[in-house]
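I've put the structures underneath this note.
Shared between the two complexes below is chain A, which has chain B as its partner in the first and chain C in the second.
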Partner chain A sequence: MDLGKVNLDAPHSMGTTIIGVTYNGGVVLGADSRTSTGVYVANRASDKITQLTDNVFVCRSGSAADSQIVSDYVRYFLHQHTIQLGQPATVKVAANLVRLLAYNNKNMLQTGMIVGGWDKYEGGKIYGVPLGGTIIEQPFSIGGSGSSYLYGFFDQAWKEGMTKDEAEQLVVKAVSLAIARDGASGGVVRTVIINSEGVTRNFYPGDKLPLWHEELEPHNSLLDILNSTSPEPMNI
Partner chain B sequence: MERKLRFKLVTGRWNPYVTGTSVVAIKYKDGILMAADMGGSYGYTLGYKSVERLKPVGKHSLLGASGEISDFQEILLYLDELILYDNVWDDLNSLGPKEVHSYLTRVMYNRRNKFNPLWNSLILGGVKIGQKYLGMVSMIGVNFEDNHVATGFGNHLARPILRDEWHDNLSFEDGVKLLEKCMRVLLYRDTTAVNKLQIAKITEESVTISQPYSLKTFWGYSAFQNLTVGDEGSWLDMVTGWAVTTME
Partner chain C sequence: MSQVAVEAPPKGGFSFDLCRRNGMLSKKGVPPPSYRKTGTTIVGLIFQDGVILGADTRATEGPIVCDKNCEKIHYMAPNIYCCGAGTAADTEAVTDMVSSQLQLHRYHTGRESRVVTALTLLKSHLFKYQGHVQAALVLGGVDANGPHLHTIYPHGSTDTLPFATMGSGSLAAMSVFESKYREGLTKEEGIKLVCEAICSGIFNDLGSGSNVDVCVITKGQKEYLRNHQLPNPRTYVSSKRFSFPKKTEVLLTRITPLKEMVEVIGGGDIMEE
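After this line comes the complex of A and B, so read on.
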């Protein structure tokens, strides 16, 4: 019926919003949960924060297939490395393994990742590994299509030395703002907090996120509104 | 690719910029119910969230549009002119939905023939002298009428629901609930959908468009919350600690 660019066989891409933030004591990773093929939402509750080791996770964006296979390989290499080293791998090593794969296969891969974790030498660390295989250590990192809407926000809202709760609230707020404006991001907000005590996964469903400009309080049905308010709520 | 470019130089635009997504409409007991969200997307960006895509036409009809918003606004101006000339006759007769639909079909088809289409899918609904009418026109002039219609993604996601659950003489409440069911699915599965919608009601007596409102969405499935670890095609099972490894 409609002409237009609707290609349901388009490669599954995670038009995404991913964020990694350090705080005093660890890191908070956050992501939305929408996987889209073109305009269709293939998965509205995917998990884009993937575990590499007990203490290191990675946020994936871009091609779903590419990011999954890269994290699978890195997990495998890290496992071997841990055995040989005799102790948990550091975040830096994990990030550099991601970089090696991303860099050496740059012509074929289309995935941007944020590696975050905690180790006993350096504490909480965030490394961005964008397209092309650059590695960059940052106090916070944003990625995915939704990140375009967050550069200004983080310029203003980021502060050094936040507490765990402040950091997580910042991440949830940021992903929620990106979801509001990026069609390729949506669903729920997942966060992973990593520190010396361990790993905590949190889940913020789409209906519990704050409302932003021009967004309205949700209802079960128009009928509820019509029945509860004054006689003439409808007008041309 | 080159051919497209040549046409582009000689004729009109090929790409929409600010677009609206699905419109869904059904016939019900007293007339027509139509629903559309208020989003104007700029590619993947949800740039505009208060775009009214349902507009009354004359005394008896309502027009809902998806596609390029600027073209929709142009069509509204054409219709203004059409209704004006109709009123100027002052002959106690007024254009009904069937006539407006026919006019729109001609406009869309003729633009298509000049390779300069109005990039919209239009739904025209109305009631005149007890006759309910619900029709659709696409950007290339394909037109038809039916008991339930939709544009864009609505065709793939909403029509199947309507084929199953629509029946003659739906009450207003049942009609609204049915439309909301469709709109909720579209909200989940269409990246260009926005959670702010309007539902319009056309009866013999009047045309009314609701205030904008949002729908509740459901995310409480346990499968959403507790994802099975290592379920993304990974051949390593984290839970059993590396024991279940299938490698080449």
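After this line comes the complex of A and C, so read on.
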């Protein structure tokens, strides 16, 4: 790699894999953890699944600055809405606020989001809000640069009426598949499960993910060097 | 036609003459003057009882080192400091601005500033200017909720990390942190690691150089260690100090009165109307 071409002034973007899946009783959201500026990984453990209210989360992709500002505004609006209403906001309201900001400022924003959550009226719901600011209610939604590798997989693997564990395993498998093929996705897999009982966050470290290239065993990886008897990389 | 434009009286408003001149100059290959940028290594980490920030002290103007010992760790609040990389004017202006907003907020609330407050003020300003305010910051501090470390990029995105690096030397410094950082470092270990990361920036990155500044923030106190390490002392200093053997010699003294004295003698006729 030509180090002279590392461009640290490039806007922060999340070449990303984000996923939202419904199951019977709730939703599972999943994301990788890589944030990059050009070819430099600026953060290898970022959290792209952001909390909006107690029961609604959003997966962010695209420009980090834009998606952070949109989710900060939506969180603020939903907080106000919750106080005025005296009860938790629905997933539909949250997704519609994201859409409103994404559509009204479509010339300024470079971000695609997946809103997911649970409410007592409609149960678990996933809404995709892609680049132009449209809103699509879907049984499952995928986004980010890694999603191109996953359309076929989801058409084959997603089934209606999965259990919570089946849905989470599907999400973890899909994100690790995308991490293996998409250079802009990487790091760890984070998942958030939302249902009537509340929210569960899970974390799957990058070195514990299933390996998709059985024929290529990890060889001389950084982890081997660090775990070996001489931890100095240069002495191996 | 041009004759008319020249002879017309000034009408006020903004004159675009210089824009045309600058356009002509840049078309002819004269580059516009560059901003003073701090090709920089700045770092921060969280240790067992607080935050340590570090910075090099080189400021550059293109290929020229224009300040060999500048300060890149800026004051935000008594319990919050901020390292700046990018255009020096922008990092200075944006940290000063937010630090004054924080001071007013403290007068208003009578409470210690929080790191997230500083973070939100900084990111909303940088987002508003869409990356044109070229400030890349490492913000660290200890507040009611414990130690915090954030990085802020010129476009307004932020990250929250246990260890962070920024600036042109960030790659060199990050390689040190990635291999040696662990949770629960002591203060001495933390300072040592920060110095090592800054030194790797100083020695391996052309944009960074000179000395190491460190700032240690713990609950209720801080230590600003200006020039904590001096790995690049001046090698060309004369062993004897400079002296001027003679006093300045006086060659000539001449006093020229500034005004001629005029003496008025009474008795002249007063002019009548």
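One rule holds in what follows: the second predicted complex is superposed on the first by the 207 of 236 C-alpha atoms of A that agree within 3 Å, B and C clash if a C-alpha of one lies under 4 Å from a C-alpha of the other, contacts with A are read in each partner's own complex, and residues count from 1 in each chain.
In this text, contacts are C-beta pairs under 8 Å (C-beta built on N, C-alpha and C of every residue); 3 or more make two chains touch, one makes a residue touch a chain.
All of these numbers come straight from a predicted model, not from anything done at the bench.
Once the two complexes are laid over each other on the shared chain, residue contacts for A:22 go to neither chain B nor chain C. Touched residues of chain A, counted separately for chain B and chain C, are more numerous for B.
In the superposed model, A:147 lies in contact with neither chain B nor chain C. In the superposition on chain A, contact of A:35 is made with chain C only, not with chain B.
Once the two complexes are laid over each other on the shared chain, residue contacts for A:43 go to chain C alone; chain B is not touched.
Applying the stated contact rule after C-alpha superposition, one finds that A:90 touches neither chain B nor chain C.
Of the two partner chains, both chain B and chain C are touched by A:68. In the overlay built on the shared chain, the residue A:205 is in contact with chain B alone; chain C does not reach it.
Under the contact criterion defined above, the residues of chain A that touch both chain B in one complex and chain C in the other are 3, 6, 40, 45, 68, 233.
Contact residues on chain B toward chain A in their complex (touch as defined above): 16, 41, 43-47, 49-50, 56, 66-67, 121, 136, 138-140, 142, 151-153, 155, 173, 176-177, 180, 188-192, 195-196, 199, 201, 207-221, 223-225, 227, 229, 232-236, 238, 242.
Across the complex, chain B is touched by residues 1-4, 6, 15, 33-34, 36, 39-41, 44-45, 47, 50-51, 68, 71-72, 75-76, 79, 145, 180-184, 186-188, 203, 205-207, 213-223, 225, 233-236 of chain A. Against chain A, in their complex, chain C makes its touches with residues 123-124, 126-127, 131, 134, 136, 151, 153-159, 161, 167-168, 170-171, 179. Partner chain C is touched in their complex by these residues of chain A: 3, 6, 8-9, 11-12, 35, 37, 40, 42-43, 45-46, 63-65, 68-69, 226, 233.
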